[in-house]
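Structure below; questions to follow.
Residue numbering begins at 1 within each chain, and the chains themselves are lettered A, B, C, D and E in the order written.
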Amino acid sequence: MTAPAPLLSAFRQAFSEAWASGAGLLLPLGFFAGTATLVPFTLGGEADLLSRVGPGILWLALALSSMVTLERVFQADLQDGALDLWLQDTGSISLVAAIKTLTHWLVSGFPLVLMTPLIGFMLGVPAEKMIPAMLGYAMGGLVFFLWGGVAAALSASVARGGLLIALIALPLYVPALIFGVQMVDAGVDSPSFLFLCACTLFALGVAPAAMGAALRLAAE
Amino acid sequence: MLSYLANPLRFMRFSRLAVPICFALGVLMIGWSLYNGLFIVPPDALQGGDLIRAMFTHVPSAWLSMGLYAALAGASFVWYIWRHELADVAARAIAPIGAGYTALCFITGSIWGQKGWGAGWHNLILGDSRLMSVLVMLFLFLGYIALRAALETRQKAARAAAILALVGIVNVPIIKVSVDMWQTTTIHQESSVLKIGGSEPREDDEGMNPVYLQQLLWGFGGHTLLASAMILMLMRAEVYTQQAERQLALKLEER
Amino acid sequence: MSDPVLIAGHGLGAVRGERVLFQDVSLEAAPGELILLRGANGSGKTTLLRQLAGLSEPQAGTVERTVLHHWIGHTNGLKAHETPRSHLRHWARVWGGDTDIAAILTEMGLKRPANVPSRMLSAGQKRRTALSRLRLQDRELWLLDEPFNALDTDGQARLANMIESHRAAGGSVIAALHGDAPIEATREVEL
Amino acid sequence: MTAPAPLLSAFRQAFSEAWASGAGLLLPLGFFAGTATLVPFTLGGEADLLSRVGPGILWLALALSSMVTLERVFQADLQDGALDLWLQDTGSISLVAAIKTLTHWLVSGFPLVLMTPLIGFMLGVPAEKMIPAMLGYAMGGLVFFLWGGVAAALSASVARGGLLIALIALPLYVPALIFGVQMVDAGVDSPSFLFLCACTLFALGVAPAAMGAALRLAAE
Amino acid sequence: MSDPVLIAGHGLGAVRGERVLFQDVSLEAAPGELILLRGANGSGKTTLLRQLAGLSEPQAGTVERTVLHHWIGHTNGLKAHETPRSHLRHWARVWGGDTDIAAILTEMGLKRPANVPSRMLSAGQKRRTALSRLRLQDRELWLLDEPFNALDTDGQARLANMIESHRAAGGSVIAALHGDAPIEATREVEL
């Protein structure tokens, strides 16, 4: 199970699952563009406000997409019995869970990074902030999806865990959020960037084990 | 005419001729309007000088995007009530073209606005209700396409998409009246060609200069024909695909 | 070779909601044996099987497994977007080894719906897909929870055959079952 | 089926479903409070910015909660066969669907209205805007949940419709969002309020039928 | 009374994925009749039953129902948070009429798990809960999709009894079934 082959096929399965649930990449792109579109309405469209607030709101969109995407992933595994199959070999369910969340990040979170230049341009973000912003969204997104995965695994055995996931995940998101936002302003050579890296590494180190434990519990 | 064409055979016969004719005429008319629009008509001081030349693409695509959405909803309605297969084929073909024209409207408008509305215009894109409602329509088209892509069987996809198209029709009047109604939330100009929004004519309102209007109408006619040609082409492709699928299924059945 | 036991449960017990479901259940399966778990609805067959499979921890007792096993539960383990072919290909990859998936599909009568997503499959076709996993890799122990459910007569006969030849090859099967077994068991465990 | 008894029991069932999926009312309250707390982090906490942006962000939270809540409702009905039971009597599935979405609004959307004074106070919203804001959140929330229900019903037969629901629902939310935001500024006697009422009435009139049709389709 | 047919399907047909599943199927059920739908896995029994129940539109043919019916599908219709008792109470309320739910629960052997949420129930207990709906209201026509699935021997006998007395009272049953029927049918329809 620690051989690459099973993990690769876990990736393939998760990828086709994420892809099959809609029109592939179109959907996440549409989602981020859609959220970016909603924002100005809620702010009344004062231009100066927008360029200050816009990038922050995209962080919210990212957090949202991680929760909406992951809500069902583990619950479905539990209900259709696929979780039992993963568990039956003593190998590492943690790794499989990590692969699954990372795959979903790739399909549903990473597109924001690709769209950052476009949306940022529309929101009037200065060009020199684009690279830090993209880096921030990429790493922050990773953290969001990993902790979101933990929350989803924890609430997998609750009938409909939507808001519960949100409630569990939000506090876990905060550190990455703070440093991510700061980093976009302060640039890649700031301490915020180092802290963001630390957040990411920490999530990468801890979240898989937590997911694994939560999933074992859910299958009981 | 429409009920005459509802028969797939007749449709295929008609469209085989119509596609090249519409295509050729459309390209000619667009070319004529672009030639005049880009090189002949004088620049307009009020509308950002040479930038007014974007109008000959912008306004036709703006009208077409709304028109195509209405057509999408109409075709969906016909399919939903009478289950004319061809209406669904049409709806399916209209969606990408409509999305394309909506995007074109947005892009040309942006180019226009870059100078016309001065520096920092891009901040406005997201704050302007007219512009936003065009974006919203783009997302309606995209949502329609995504929904169709997500459902496996054609019957299901057709019915679900039809429901969405009919529900989304609310947004068309909102786009249309957005300029006229909420002067405060947009700096987009009011309708000067067609006054449907119902705003009181202003004193200084002389309507559009005929020099521009003429080219505009050529462009509009041309784009309408071009869009029709593209839609008919997609519809033909879809009809052929369905036939091929049916034959393939028969072949598989025999084995 | 002293004791070729493939799986042994000693003194197993389960508590569900303040109630003892079963206790002190011990069973062993040696090569060639078919052990049937019997009992009324809700008597704990599934619970016991999950303990044997290592899917849940016994509240009392221990389970020793010496070999790999296949698990077929009440649920089929099919994802909604998966087709029979993609499901088998996926698990074949995970478990390694190269099996001829097309052959398995044909053998299990899944040739026609091989490319239909599982949410459109009939109940029996889903069950057949799950059972096809038994063919993907040779594993000595099979743990089956009401495997004949939803199968038609032909499917039931085929599964009975599979079990027979698995036993003949030295494999062992523990299955929960209601009603008459279409196959003769070594032993029955009543819950 | 048009008698009140079935609708009342549809309400009861949906209510206990919504309630059972977490800690009842605590969850939605926590969710809105959580979002409201996250906002300052993304904005860097400038007080003046906050009071201008805060109420708008709560609109986003409302939209989000409608989607997260409704995502699973109809899909679960489809998967566990409850939808078949509702459909088997020729009566009106539309009404049942409407009741279900309205119940979920009551549990997951309406709490925002209750919290508005508190959150508004925290964000520094002037007192005289409180009543319009509460009205706006109440009616806007209704519209969001109704259209969200349509989106959820349409994508019920898609494996995991998360982002698809978002993409379908977001454009439908826009009119109510525009008028709702304007109304908070302009007060209850402004035309925006009338338009918001019109949006609500329209959604109440059209969404149930659309949901009904979509659910019939999903069951096929 | 000229023609006491409770349900009649004429020339029914279904197409799935460009393939004709069945066509030109006609059947009628008069009071007291039990009609069995037979066929291999994936032959279209469920599809036909759903058309008869009005859950999906026939691609060809028509269905006439003159009475109310009960539907028991492959899925049980239980929500994850519902207990057997709350499930029955819910549908009793929806359908009107006051039935003694406690009595039904006892009769169906669901007294013990009556207050356990369905996600913790055993497969057979869920099935029994679904079948209890048949008791909630007298409806002349029962449409059952593999109703004996997951039931233990006692449950199967009880269901067979229920069907018999329903028929004796002038009701009619259409059921999809694999294997031997534990009850004698009026007619079988082969798909």
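FYI, a residue touches a chain if its C-beta (ideal position, glycine included) is under 8 Å from a C-beta of that chain, and two chains touch if they have at least 3 such contacts.
Small disclaimer: the values here were computed from a predicted structure and weren't measured.
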item: Target subunit D, source subunit B, minimum contact steps; value: 1
item: Farthest-lying chain, centroid of Cα atoms versus that of subunit A; value: E
item: Maximum centroid distance from subunit B, chain identifier (CA atoms); value: C
item: Separation of subunit C from subunit D, taking each centre as the mean of its C-alpha atoms, in whole Å; value: 44
item: Separation of mean Cα positions, subunit C and subunit A [Å, integer]; value: 36
item: Separation of subunit A from subunit D, taking each centre as the mean of its C-alpha atoms, in whole Å; value: 23
item: Distance between the centres, which are taken as Cα means, of subunit C and subunit B, whole angstrom; value: 57
item: Junction residues of subunit E, two or more chains touched; value: 17, 74, 79-81
item: Multi-chain contact residues (two or more partners), subunit A; value: 17, 20-22, 27, 30, 34, 37, 39, 41, 43-44, 76, 79, 159
item: Residues within subunit B bordering two or more other chains; value: 129, 132, 136, 139, 142-143, 146, 150, 185
item: Residue ranges of subunit C touching subunit A (in the complex, touch as defined); value: 53-57, 68-71, 73-82, 86, 90-91, 93-96, 117
item: List of subunit D residues in touch with subunit B within their complex; value: 147, 150, 154-155, 157-158, 161, 164, 167-168, 170-172, 174-175, 178, 182, 202, 206-207, 210, 213-214, 217, 220
item: Complex contacts: residues of subunit D adjacent to subunit E; value: 3, 5-6, 8-10, 12-13, 16-17, 20-21, 76, 79-82, 84-85, 87-90, 219-220
item: Subunit B residues touching subunit A - in the complex, by the definition given at the top; value: 120, 122-129, 132, 135-136, 139, 142-143, 145-146, 149-150, 185
item: Residues on subunit E engaged by subunit B in the complex (per definition of touch); value: 17-20
